[in-house]
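We just call them A, B and C in the order they show up, numbering each chain from 1.
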Amino acid sequence: MTSMTSWTVANSRKLARRERRRRLGPLGMLSHLALAVWTVLVVVPILWTFLASVKSEDEIFGDAWSLPAALRWDNFQRAWDDFHIGQYMLNSVLVVSFSTFGTMLLGSMAAYVLARYPFRGNRAFYLLFVSGLAFPVYLALTPLFFVVQNMGNVPLIGPFIGLNTHAGIVLVYIAYSMPFTVFFLSAFFRTLPTAVAEAAMVDGASHTRVFFQIMLPMARPGLVSITIFNVLGQWNQYQLPLVLLQDREMWVLPQGIADISAAAGYDQDWSAMFAALTLAILPMLIVYTVFQRQIQSGLTTGALK
Amino acid sequence: MTFNRYRRGLFIAAFLAAPVALYLVYVISPYIQAFYISMTDWRGVTASPAFIGFDNFVRLFNDGNFWKAVQHNGALLLLLPLITIVIALFFAFLLNVGGAKGNEGIAGSKFYRVVFFFPQVLAVAVVAVLFQQVFRPDGSGMLNAPLMSLGLQPIGFLSDSDVAFWSVLGVMVWQAVGFYVVLFSAGLASIPRDMFEAAQIDGAGRVSLFFRITLPLLWDTVQVAWVYLGILALDVFAIVWVMTDQHGGPDWSTTVMAAEIYRNAFGYFRFGYASALGVVMFFFTVGFAFLSLRLSRRERIEY
Amino acid sequence: MPHTPHLSRRELLRGAALVPVAGALAACATPQAPPAASGSAAPAATSAANPFGVAGDKPLEVWIFDGGFGQDYAKNIHQPLYKSKYPGAEIKHNATKEITKVLQPRFAGGNPPDVIDNSGANFMDFGALSQDGQLQDLTALLDAPSWDDPNVKVRDTIDQSVIDIGTYDGKFSVLGYVNYIFGIWYSQKAFRENGWEPPKTWDEFLKLCETIKKSGKMAPFTYAGKHPQYLYEPLVTLAAKIGGNEVMVNIDNLEDGAWTSEPMKTAATAWAEIGAKYLMQGTAGLDHVQTQTAQNKYQVAMLPSGSWLENEQKTTTPDDFEYGMFTLPDLTGSDKLPYGTIHTSPGENFIVPSKSANPQGGMEYLRAMLSKKAAGDFSELVRTVTVVKGAGEGRQLSPGVSSATAAVTTAGENVVYYMWERWYAQLKDECKAATGELMNGGLTPEKYLERMQKKADEIKNDSSIKKFTRS
């Protein structure tokens, strides 16, 4: 059905484009106006931040809409050197890469088993995972802190997964992403056709092979979609790192930005703060713009299941 | 056959072991312990906190700030989904079927969809810091500068206790709309074109197209959106904590449950009490989830 | 998909058995009092030169609040001094603007650092730390010989008020290093050029505000609206001036009706009038730096602050700005405390966590800080006054510090202070919220004080919050 729809869409788009050129009624104008207004609402605050990032301190405290007399690129230098924005970004990328990968691997494994292998206790496990959707993370914060701390005392691997470690927070992210991932993917696996997998089993493929070589590729649209959810969600995390990462060298971007904003007040360096903010925003927008097709089609496929 | 069954069992166990272990250790065990801690007077360090039963729960009934927070979460729970969904549906409709012909997207719909989604890819803390600047109370604020040049009084977006809550809501809507435009667009794309065409032949205008076809067929997606946004409204923390004055002020006008929990735990060192607040928040969230499951159990429209 | 029959019970158990093993070790959160690292290593022998028995090779972790005074003083003055005596000790220096956020989890985890400057807008609640037994008893420090002279005890080198204020539960646990002096700050240059005079009575103050307002040159008054503690300070101080020291003592002791007392009413009404008539536009949404910068740009004439102000503003202050400070004017002719009464408070509060790895080193670090050289260098570097007696003698003082020092001399015995904001963080937060509303006109003085009284009563009746008293 998906392929049918996209064929129709592609085809009718061509027709529509021709049609559109011919007439644009007053209602069409109003529609454009409404869309333009929201575009302005979205874009202007971001552009304004970019503009402020090359202003001087005095200009920032002056009229908000004045243009900078000279472009102060050194603001970025200070954002990088004094405010460590690069370090925070690197940490975020590192943490989110590993945690998303781990989430997808473990989440799809659990979801697959729970979706396709009835066994006694299956429903209990499923409910255990899904019930996590309703838990507010704030309830768990304090004990979680101690759990992670105690993890640090586990022999051998402890020092790598305790407080203040990236591996530690990666594990926490994975665990807290389980409910939605399992909920979503098990629904997805249930909808997949079974014939191919059965045929492979008859041919003697192992359960593990069927999963990795047949089911995962078939589930690709669902995986893409939930990956995007998880990347965004984990990139966004502020609360968990706030509690679990104390050393500045370990901080992730949201933590770093919030701290920079607090620090800018004391250091009287708002221009570097704007530069840091720009550095936090720009790469995300670029990455998004480059991959927006995948991101949007991912959401498109996944969200309706 | 026995061997196969054995293999199957091993496979299930192997695949479930790691996810379940992680989940039990990091998610389930802290939640269970939180319930216990909520009945102690633990202030964060003492090795053996005293068990005090339901004292914390009795205490929180008189905690004005917490109930203010609950009210704010409640208001967000109503307003955030409502406003976001209305705006997002409107735009999704314009972008997908609001074009000149009536069943097609408007020109440039792809551009709009890309731009509208921008805020969603920014971390909430980043958005919070950004709007802290946008909302500056004087001529250096992006919004107040034009107001003042028109000779109007500047608005204390974050400093006026009557306004601050609406600023928080505004920022949340600002960030959420793009995602739901894309979500609804996806929903619309899966509605067969001929349904719109058929309706148009019957002489339906754009408005009646929307109410007669778009909305009913999107109803499932709208419900999903409602649940997501509801959870967002109950869980809100970073926007309030980072953006507002005095972390939920001025004068507690923007505080939310999560902020009160964090403040009591990590500001006042009242871990027992904070956990009790968390338990209350837990029941609100579960209540919401239960309610939305109940309400969404209506007939699906098949097509 | 062929549904093979369910797993046998035995097989299920086998599978399930794998699960909990991995996590059982760590899944338990209940605090298992971590081994006190301090106890594990036997302290070195004590001597007159090494009164706490510091192990010279033990690392020392120091956290500085990186605020108005920056962090260079610790890196360039205090730490080299410690290191000169213990060359083998590695000092791990850290700084943050958000002490609570960064360090609270360390306390909760039982591995706090050795020295903390617990200051700034978000310092950790001293009351809670004390209640939890987290603070090292610093009495040994007071009784130790001073760094400079083995015949003089540390106790005798610092102001007595520091000891009074830093005592929790009968134990001296918090060392205020800087003497904060509170008042209304202005530019001596701007006042001179415009012919304005620091007011001595409240009527003069109102008249001055009116004159400045009418002059159109700048706004009369502002305060850090985002942090209303900048305004409740002069409000409560004014009340103490009107009604005497007991006004503050009663508030600190959570006495019934302490907030709604007559002097508080008068003071709140007086400040509410300033809030209604003379505030700089946008005050409510500005923080301390923004308002102070506005003052540096001659956009506003006066603001309430403390003696750290001059250093905090050093990069934006024009060279000829000449900071000055005046104390609160007489409200009535019959104020209990005379003109010149001043609010001082030891600030930059250093603590040594009792459960840290090296509390002996922490105390030794404080002893080094209290040496004449360290305190003197500090005063000069960050333009302020320390609690070490005579440390500022013969040093070059900036205009603001001179002005504040002069005010202290004038005040003589008429010095007041309050503790409630340190003892009861909830009361502080409520006062911040309510004071902001009072100044915005959102609360009448009566409603304002009722709210504060209600909160104070709530705390008083909450058995889970530890109470402190003073006299």
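Just so we're on the same page, a residue touches a chain if its C-beta (ideal position, glycine included) is under 8 Å from a C-beta of that chain, and two chains touch if they have at least 3 such contacts.
On a predicted model such as this, the values are computed, not experimentally measured, just so you know.
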{"item": "Chain-contact steps, minimal, separating chain C from chain B", "value": "1"}
{"item": "Farthest chain relative to chain A (centres taken as mean CA coordinates)", "value": "C"}
{"item": "Selected interface, A-B versus A-C, where C-beta contact pairs are more numerous", "value": "A-B"}
{"item": "Rounded Å distance, chain B centre to chain C centre (Cα mean)", "value": "37"}
{"item": "Between chain A and chain C, centroid-to-centroid distance (C-alpha), Å", "value": "39"}
{"item": "Centroid spacing, where centroids are CA-atom means, of chain A and chain B in whole angstrom", "value": "15"}
{"item": "Shared-contact residues (touching 2 or more other chains) in chain A", "value": "61, 119, 142-144, 147, 151, 243"}
{"item": "Multi-partner residues of chain B (at least 2 other chains)", "value": "8-9, 12, 16, 18, 20, 22, 25, 29-30, 33, 44, 136, 144, 266, 271"}
{"item": "Shared-contact residues (touching 2 or more other chains) in chain C", "value": "7, 12, 16, 26-32, 101, 105, 108"}
{"item": "Chain B - residues contacting chain A, complex", "value": "7-9, 11-12, 14-16, 18-20, 22-23, 25-31, 33-34, 37, 44, 87, 90-91, 94-95, 98-101, 104-108, 112-126, 128-134, 136, 139-142, 144-146, 174, 177-179, 182-183, 185-187, 189-190, 192-193, 206, 220-221, 224, 231, 234-235, 237-238, 241-242, 257-258, 261-262, 265-266, 271, 274-275, 278-279, 281-282, 285-286, 289"}
{"item": "Chain C residues touching chain A - in the complex, by the definition given at the top", "value": "1-3, 6-7, 9, 12, 16, 25-32, 66-68, 94, 96-98, 101-103, 105-106, 108-109, 287-290, 293, 312, 315-316"}
{"item": "Residues of chain A that touch chain C when the two form their complex", "value": "61, 116, 118-121, 142-147, 149-151, 153-154, 163, 194, 197-198, 242-244, 246, 248, 259, 262-263, 265-266, 268"}
{"item": "Chain A residues within the chain B interface of the complex", "value": "1, 5, 8-9, 12-13, 16-17, 19-20, 22-25, 27-28, 31-32, 34-35, 38-39, 41-46, 48-49, 52, 60-65, 106-107, 109-110, 112-114, 117, 119, 125, 128-129, 132-144, 147-148, 151, 171-172, 174-176, 178-179, 182, 206-208, 211, 232, 235-236, 238-239, 243, 253-255, 257-258, 260-261, 270, 273-274, 277, 280-281, 284-285, 287-289, 292, 295-296, 299-301, 303-304"}
{"item": "Chain C to chain B touching residues, read off their complex", "value": "4-5, 7-8, 11-12, 14-16, 18-23, 26-33, 100-101, 104-105, 107-108, 110, 122, 124-125, 128-129, 131-134, 225-227, 281-282, 284-286, 355, 425-426, 429, 432-434, 436-437, 440, 442, 458, 462, 464"}
